[in-house]
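Labels run A, B, C and D following the written order; every chain starts at residue 1.
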Amino acid sequence: MRILFLGDIVGRAGRDAVIARVPELRKRLSLDVVIANAENASHGFGLSAAIARDLSACGVDVMTLGNHSWDRKDLVAEIDGLPNVVRPLNYPPGTPGQGSTVFTLADGRRVLVANVMGRLFMDPLDDPFRMTQELLARHRLGMTVHAAIIDVHAEASSEKWALGHALDGKASLVIGTHTHTPTADHRILTRGTAFQSDAGMCGDYDSVIGMQKEAALARFVRKMPGERLQPAEGEATVAGLMIETDDATGLARKIAPLRQGGILSQTIPDF
Amino acid sequence: MRILFLGDIVGRAGRDAVIARVPELRKRLSLDVVIANAENASHGFGLSAAIARDLSACGVDVMTLGNHSWDRKDLVAEIDGLPNVVRPLNYPPGTPGQGSTVFTLADGRRVLVANVMGRLFMDPLDDPFRMTQELLARHRLGMTVHAAIIDVHAEASSEKWALGHALDGKASLVIGTHTHTPTADHRILTRGTAFQSDAGMCGDYDSVIGMQKEAALARFVRKMPGERLQPAEGEATVAGLMIETDDATGLARKIAPLRQGGILSQTIPDF
Amino acid sequence: MRILFLGDIVGRAGRDAVIARVPELRKRLSLDVVIANAENASHGFGLSAAIARDLSACGVDVMTLGNHSWDRKDLVAEIDGLPNVVRPLNYPPGTPGQGSTVFTLADGRRVLVANVMGRLFMDPLDDPFRMTQELLARHRLGMTVHAAIIDVHAEASSEKWALGHALDGKASLVIGTHTHTPTADHRILTRGTAFQSDAGMCGDYDSVIGMQKEAALARFVRKMPGERLQPAEGEATVAGLMIETDDATGLARKIAPLRQGGILSQTIPDF
Amino acid sequence: MRILFLGDIVGRAGRDAVIARVPELRKRLSLDVVIANAENASHGFGLSAAIARDLSACGVDVMTLGNHSWDRKDLVAEIDGLPNVVRPLNYPPGTPGQGSTVFTLADGRRVLVANVMGRLFMDPLDDPFRMTQELLARHRLGMTVHAAIIDVHAEASSEKWALGHALDGKASLVIGTHTHTPTADHRILTRGTAFQSDAGMCGDYDSVIGMQKEAALARFVRKMPGERLQPAEGEATVAGLMIETDDATGLARKIAPLRQGGILSQTIPDF
């Protein structure tokens, strides 16, 4: 199966780039599934149901979230009506929405997509190690699902790498989000799980992680609340990772980063 | 000037790879200066004077440190005798060692190298924004120094990007360290400063940020102190960034990542 | 000199209690100076200029702030016109307002009042140890000022105690704020400085640190943003510490906590 | 039932004071049960089995722990043989030891004692709210147990207060530990649960939370590892809280702090 995962979509610049490029990428790369982290899609903070539908319409099959899940209060009410939106699975029991979903392709193949938050330097949610292992014990790769994608929304590289190794052999892809910075450490781990500690962001990189520079810099320097942070509006780079999996085992065979548009160095998978 | 900056050297694997490769890289890439972060060079924790000398001998001109600066207590006593070792400049007044140094090439060109720590999710040291700006007001790029390299040892991508923009036009290179993960966001900022939010590590990437997997994973899962963390001992990837600067202005003209050896995707500058 | 310091005034309940009680307390306890932390006076978040004037009018001579200093944006513009309001002195240079003030009594005696923020588990500001020591080197107790009061607005008890010892003999009183919990560890330190690690809050204690229980509890349990936190509105306890100092040395001779009104155990200084 | 809870016992000074005073306090106050937090009993860091036995022998019926539970590695092996030692119940499944115990008095009355850690500014363990509520659903106050004591080992006053309200009516006492600072906010909550946000420490208060001043202060000021922290060795104050409960309901009828010996203000329950 040919899968593209896109990092945090930030604001209008990020959305416009994703909406413009995903249709052609699906064709050019013969993609079977496209997943994107959309926690910053609505003006940098959260995801509205309307924007979730726009992203679906352009070819994003499943959207994941993160610490900004509930920035848009309307999503709290609407998330249960959005079957292809996934929020972190380690929120407490009773949290609206779902922590994972099984997306079924037109040809019947099944893809588990889950979202989990790290705890180091972040909100202390339930244990991401235990919860992802329990999830992957229920959805067996190569048995009940053809592929399994885990979006690890976390700050610390150590926690992301640890989770990658913990799930190695049980997921097709463990991919980090949240730092808004693409990493060059993508690889297939020992037991066949593809890994990248951060997919990067789909946003304007002439910024502070997607936000306009002046206001973001002022917060660090002045230590006062200032103007509200606004997403940067220059051309976005669409950033993510593509993998190809073996449908029999669900494990990864090929892996390559993708960076298209905007000011970052450009790369596109060649398989 | 042709400059190579290498990310955190971790343990024997990292040292061996740096010592083996730097001599040939200096020739092949016609490097004028090589700088490396060495805060994890001694068995993953700190830098001993003996290892500092070994790294110097192989062609590392200046070494920077970070939150592990004082893991080796002997360095506290010895650092003042090591003119090419730089510790974070935002430690309190009275801290042993120096926060920056001006390294002079054989041909007389002068390169400022400084090390500064971020404060987000890290120890609250003095203000890295103010201190680097004061430093670069004293050492004017293209005037008193031909190049200026700032190693921003920090956890949060936002703080690193903010510091990059804050120093844009005043330094040749602002480069992150500490996450032990190379980022694919290298670029030359608007006013001519090269930037990468993390140089990555020189270490074995089949690990948790350079440490053996089992013990590092156990800490996250079991929440008990366990075995001491040990550096992973597989072949290291030497990871860093190369830039070429204009000696007249000190600003960057070219930029490219370098990843050689080990299990990461390989790349070498082609200029 | 007879000095009363009151902890964080929270919302209407806290203000009403302070305004009702301070005039009688000034008389009953023959107070020379009353200081109060007012960072939560305006509906729990910040201090408006109007409320600062109300508190002044009732007999609060100097008000201190903390991490909520700028919750009311209007104070940023107005603080320079409020000579008896003090914000943390370890904000960066250029921050509006003042980090300390010398309040002069009708009889000419001078009282230094400063506010400083801790850094452990809080925003990384400038070094509170260095800055308070520099301040107290400029304002010599028993020489240029008759008393010196340092409000240490901090989370960690260890940092507050460390600062108490660091300033012992140089200040009349080092008193903690921010936890909204009165501590029973008040005492006069070895070299004569009075100390209490937290003065407590002037607010309704049938609450979560002054905020209504249900919403505050929901945040911990549900891990979602919910209703906005609102100050609890039951009768407040006015909580603080009284000291008597020797005008010749500025050091403390007597110390006793004060808790009046509301549901906490009641106590009033008997000297 | 007449219950005394003592805060964190720190080092030899704390142990000596507890061992000297508990026998007379049991008599004088007609105590039925004595519980103490012992996470710092062994030279400030952890609890050895030998010291656990010494504390038992002097009349401490149950000991609780905290973030220092495993500082003494030998306790990991020995804790399962110590039926009256309780470690935080929100460690991951599989952690040695027990998170709660039911202590049976000579007359057959049963007292549940549990230990739980907060997560704000601390290690992200399992949810303390959910786990204590599940525990108290299994052990019904006034039904299966005559009293229930919950030691909330936590940094943030807000989290302790929130947990107090969450358990109000379901426990006899919710008492904080960890800050090593006795608070003056003890009271019986609306539905009958006694509460104090911190019991304080049994240790020498001429210190930084029980550790010798110079080394503890140096860490804040110098930002370098220095001498190892050592417990202060002056006379300790035994600090804690006494409650009297109604055996029929398990709820609290009376509450008063206790501070005996050392340099803090002295108080002893008068009921």
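Heads up, the rule we're going with is that a residue touches a chain if its C-beta (ideal position, glycine included) is under 8 Å from a C-beta of that chain, and two chains touch if they have at least 3 such contacts.
Going by UniProt, the chains are A, B, C, D = TIGR00282 family metallophosphoesterase.
Just so it is clear, the model here is predicted, and its values are computed rather than measured.
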> So what angle, to the nearest 5 degrees, turns chain A so that its CA atoms land on those of chain B?
Replying inline: 180
> Which chain pair shares more contacting C-beta pairs: A-D, or C-D?
Replying inline: C-D
> Just curious, how far off is chain D from chain C if you go by their C-alpha centres, in Å?
Replying inline: 29
> chain A to chain D: how many Å between their CA centres?
Replying inline: 43
>> Give the residues of chain D touching no fewer than two other chains, as numbers and ranges.
In response: 92, 125, 127, 130, 221
>> So in the complex, the part of chain B that touches chain C is made up of which residues?
In response: 92-93, 119-120, 124-127, 130
>> Going by the contact rule set out above, which residues of chain C touch chain D in the complex?
In response: 121, 127, 129-130, 155-159, 161-163, 165-166, 179-187, 190, 197-198, 200, 205-209, 213, 216-217, 219-221, 257, 259, 263-265, 267
> Tell me, which parts of chain B touch chain D in their complex?
Replying inline: 70-71, 73, 76, 91-92, 94-95, 123, 125, 221-225
